[in-house]
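Look at the two complexes coming up: subunit A is in both, with subunit B in one and subunit C in the other.
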Partner chain A sequence: MRKFLMIAGGAALLAAAPAMAGFKLMPAGQPQLIRKSALTVTPGIAWNRLGARLGRNAEAWTLDGNTLNDLIFYTAIPAGQTLFREVDKKNKPLPKFDAKMLAPDVVAMFESSYRIANSTSLFSVDSVEPATFAGKPGFRFTYSFTIQNEEVRRSGEATGAIVNGQLYMITFEAPKIHYYDRNIADYRAVVASAKVG
Partner chain B sequence: MRFVSAITAAAVVLAGMPATAQDAPAPTAATGPQDEDERGLWMQVEDAERKLKASNFVIRDPALNDYVRSVYCKAVGPSECAGVRIYITRTPFFNASMAPNGMMQIWSGLFLRVRDEAQLAAVLAHEHTHYRQRHSLRLFRNIKDKTNAAAWLAIVPFAGIISLGMLGSIFSFSREMEREADSGSLTALSASGYDPEAASQIWGQMLAEFDATAAERKRKRRSEGGMFATHPPSVERQADLKKQAAALPAGGERRRGKDSYRAALAPYWADLIDDQIKLNDFGATDLLLGQLASDGWTAELLFARGELHRARGAAGDFDKAAGYYADAVARGAPVEAQRGLGMALLRSGKSAEGQAALKEYLRLRPEAKDKAMIAMLAGESS
Partner chain C sequence: MLKRLALGVAAAALVTSPAAAGPKDFTAQGYALPADKPVTIVLMRPDMEVGELQAGGMVEPNADWTKAAREHLAKAMESAHKSRNIELKPIDESQEGNAQLVADYEALHRAVAEAIVTYKYYGAKLPTKKDQFDWTLGPGAQKLGEASGANYALFFYGRDNFASASRKAVQVAGMLGCLIGMCIITSGGQHVYYASLVELSTGNVVWFNVLRGSKGDVREAEGAQGMVDAIMASMPSRPGEGGKATTVAAKAR
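Up next, the complex of A and B:
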């Protein structure tokens, strides 16, 4: 089972995760500080936090298992840092965040990071619009992608803002069939509860 | 058939290889696998082909597929190409592969890296030689003799698919087969009227690209890693191919097919370049754009150059990008050049001009997917 999860996880972004260290329950209604940073959220329903680390400033939650519905937090990413852990720094370096980025630049960095980390060219940005995140002016975008040799079509939504020169963002992604529509509202509830600082 | 034996003879003479399968018929769907080993290979590969057929990554555009097939058939002869299925997949790297049952895969990144029809024909004929000489089967038997069949599965993810760059590194045996395929490619090019010089040029271009990637990332090129591990060292390979091409009988047709290649690929450049830019490999992408612009910078290529510099975002990049976009717009670039221009100007502190360009983008592309965000950046009240 452990091995299966690693393989399944390897399919999506969690390719970057080195090992599965189990799940921790994130109960409904309890505020959670993400990666001891400035980002706090209060989930409306119970989620499971993945033990695997996506990077110094990222963490993932799921309902039914990773790649079925992934809630990913990016918190306090400083200038010069990648979105998540490098998959192959020497040969496939990921783009780095810059505090002067505008929302479309963040979207482009996200897209490029996903294409590189997942070795896929089937990634499209479907909408980009202004949004409020943790009371700050920010952005929201939607995307879809497919990973080679896995072929599941996934949809995603991301909401975030640059606060004091650092990037804060929460994404949700799930298979287009069933899972995405079923839990997108739960994701938006988590986003609405986000506080920075 | 005469053509086929010419390939085989050349392979034996030039590569000095014992070509065990040389007298057997081509392993087509009609003849099928010949013995137990081959049947086992086919079963695995047929399963891989069923999955590939349904893949989201296969580019099914009939015009592109017809063109590639026509070049392949010209290069190896109509009777030889008949049973082979070609799958073009959207993968932005240089590779092609051949399975023992006649399933050929070509990665879309290859089209950005070959410059004319003769170079495309060189790759296709190389893969054809692997197929025709039953290299998968020979490699399988070689591994089986040394270890066991299970090891084969561990080493080659899709059993029996000989690719330009995906096999494990420990088999000098596969290097010999690469030399044989290179020789087969040259003979086919020469016999079909393509310039055999094309084969060595591809490797020269690949080396230049690896150097460009390495230079931008401030490190040395990996001399024998990656795809060079199974393939004869590229410097040596390039020299060998050049020497062999020069030794071929002079005279006859030496077609390059640059114009026909460019015309056939023109509808796909934008997507191919976009996939390449998003790989975050400035050095290689800059080099490839320069190669594509060998006959002059078109509006599309200038737009791509702007996108490349804007994506890197290093010191001075936004000013350079704005310049490329402006030139592109002047030459009738795609509407997205206005978006790039606006974003580059905003990042280099020229707010008023940047907002004007973004407004122009929205006027020309009112249905843009990022309309709401661009409108805000353009200072429009939505």
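Up next, the complex of A and C:
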């Protein structure tokens, strides 16, 4: 990030311009279909949906900005697909989802994807437990990480399930100081409202 | 991930946008400093880096320039506060826990400032924050107040990149190209600064200012003072004072 910030000039701007798509209001109490998939959630408070695509089956919402609160939906990820868009496919390909994965395998895939995408070794899974997601048996795990060249320590929680061979998962991450605790209940309310199918 | 890329682009755009040179500040809605107590500030370490902008657009950091700029800016900050009769309260980082506390809040502030710069200045507005300025570090920031005795903290960030000889040559070549109808306009140096005033009892960012362009060479005492005076011109600093618009224009370089 810091390195990227140092890169200036028209070429960089032109190359990444599509990523600067705007935000759309996700009003409280209104059901939202995620990426035209089978996943629907109803937020308890208003969020902002990022227009830029994180990947074919991922979508991000935020309250104060992505550096401060990041609610990410991974929806209907089929076997053979990565969680989000490849960052360096040739040298560091992201792991791919497999429909036969068990909860620990999904957690390992998530951890590996984050270590690659954020170029960080500072990532730890803090807990893994069974959970219900959209009425289906699934999993919940918590994690901590620091992105390379950013000193801010972040916490995260993920809840999901494999439904009809496809991965559905919602994650929330925010700085440990203030932001995580302030909105973790709003994230859990979104998760509790999730419906698949 | 892509989102980080997007934020990086926003910051890069801010650095390179020549059209919007000059300061632009925000004050939390209706905020005024309390009238019944003196304003005391803990000055956080200036997050300052100086480098040389190469022909291709990459920045080569320069440790000597950075060191000189940090020293001049620290002195300029002290002088600016003295002239406003604001008492500066240091944090003793040798005391147990204080160094980590400072590091944690400097890192959090960077994330908050990045969000402010991206969503208030660059244009990708957040619908839930339309016409609002309500960013915060959270009430835990009070710990900085307890460690220092101050009721506000001032954070300062600067990236000053001077054009290298090769960069200037590319600029000249691009402009000469205009004579034969092939213009490639290359920007020269990049100068971006921001400062934010945080109320430690709430953690709220009560004033934030961005300065693009240059008010002088920060590697020298006079230039650093010019930069600090320009960015702090609109900062509320007396008891009872609220935010005020600034009309200081930066010199485009």
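What we mean here is this: the second predicted complex is superposed on the first by the 179 of 197 C-alpha atoms of A that agree within 3 Å, B and C clash if a C-alpha of one lies under 4 Å from a C-alpha of the other, contacts with A are read in each partner's own complex, and residues count from 1 in each chain.
FYI, a residue touches a chain if its C-beta (ideal position, glycine included) is under 8 Å from a C-beta of that chain, and two chains touch if they have at least 3 such contacts.
Quick caveat, the model's predicted, so the values are computed rather than measured.
When the two complexes are overlaid on their common chain A, residue A:L54 makes contact with subunit C while staying clear of subunit B. Judged by the touch definition given at the top, the superposed model places A:A103 against subunit B, while subunit C stays out of reach. Once chain A of one complex is fitted onto chain A of the other, the partner contacts of A:V128 are limited to subunit B, with no touch recorded for subunit C. Of the two partner chains placed around the shared chain by superposition, subunit B and subunit C are both touched by A:R153. Number of subunit A residues touched is higher for C, counting subunit B against subunit C. In the superposed pair of complexes, A:L94 makes contact with subunit B only, with no contact to subunit C. Contacts of A:P78 after superposition on the shared chain: neither subunit B nor subunit C is touched. Once the two complexes are laid over each other on the shared chain, residue contacts for A:G44 go to neither subunit B nor subunit C.
Within subunit A, the residues touching subunit B in one complex and subunit C in the other are 151, 153.
Contact residues on subunit C toward subunit A in their complex (touch as defined above): 1-13, 15-16, 51, 53, 56-59, 103-108, 110-112, 114-116, 118-119, 122, 124-129, 135-140, 159, 161, 186-187, 190, 203. Looking at the complex, you find that subunit A touches subunit B at residues 90-95, 98, 100, 102-105, 107-108, 111-112, 115-116, 119, 121-122, 125-130, 139, 141, 146, 148, 151, 153. Those residues of subunit A lying in contact with subunit C across their complex are 1, 4-13, 16-17, 19-25, 46-48, 50, 52-55, 60, 62-68, 70, 84-85, 87, 117-118, 147, 150-153, 175, 177-179, 182.
Those residues of subunit B that touch subunit A in the complex are listed here as 54-57, 89-92, 108, 217, 219, 226, 275, 278-280, 311, 313, 343, 346-347, 369-370, 372-374, 376-377.
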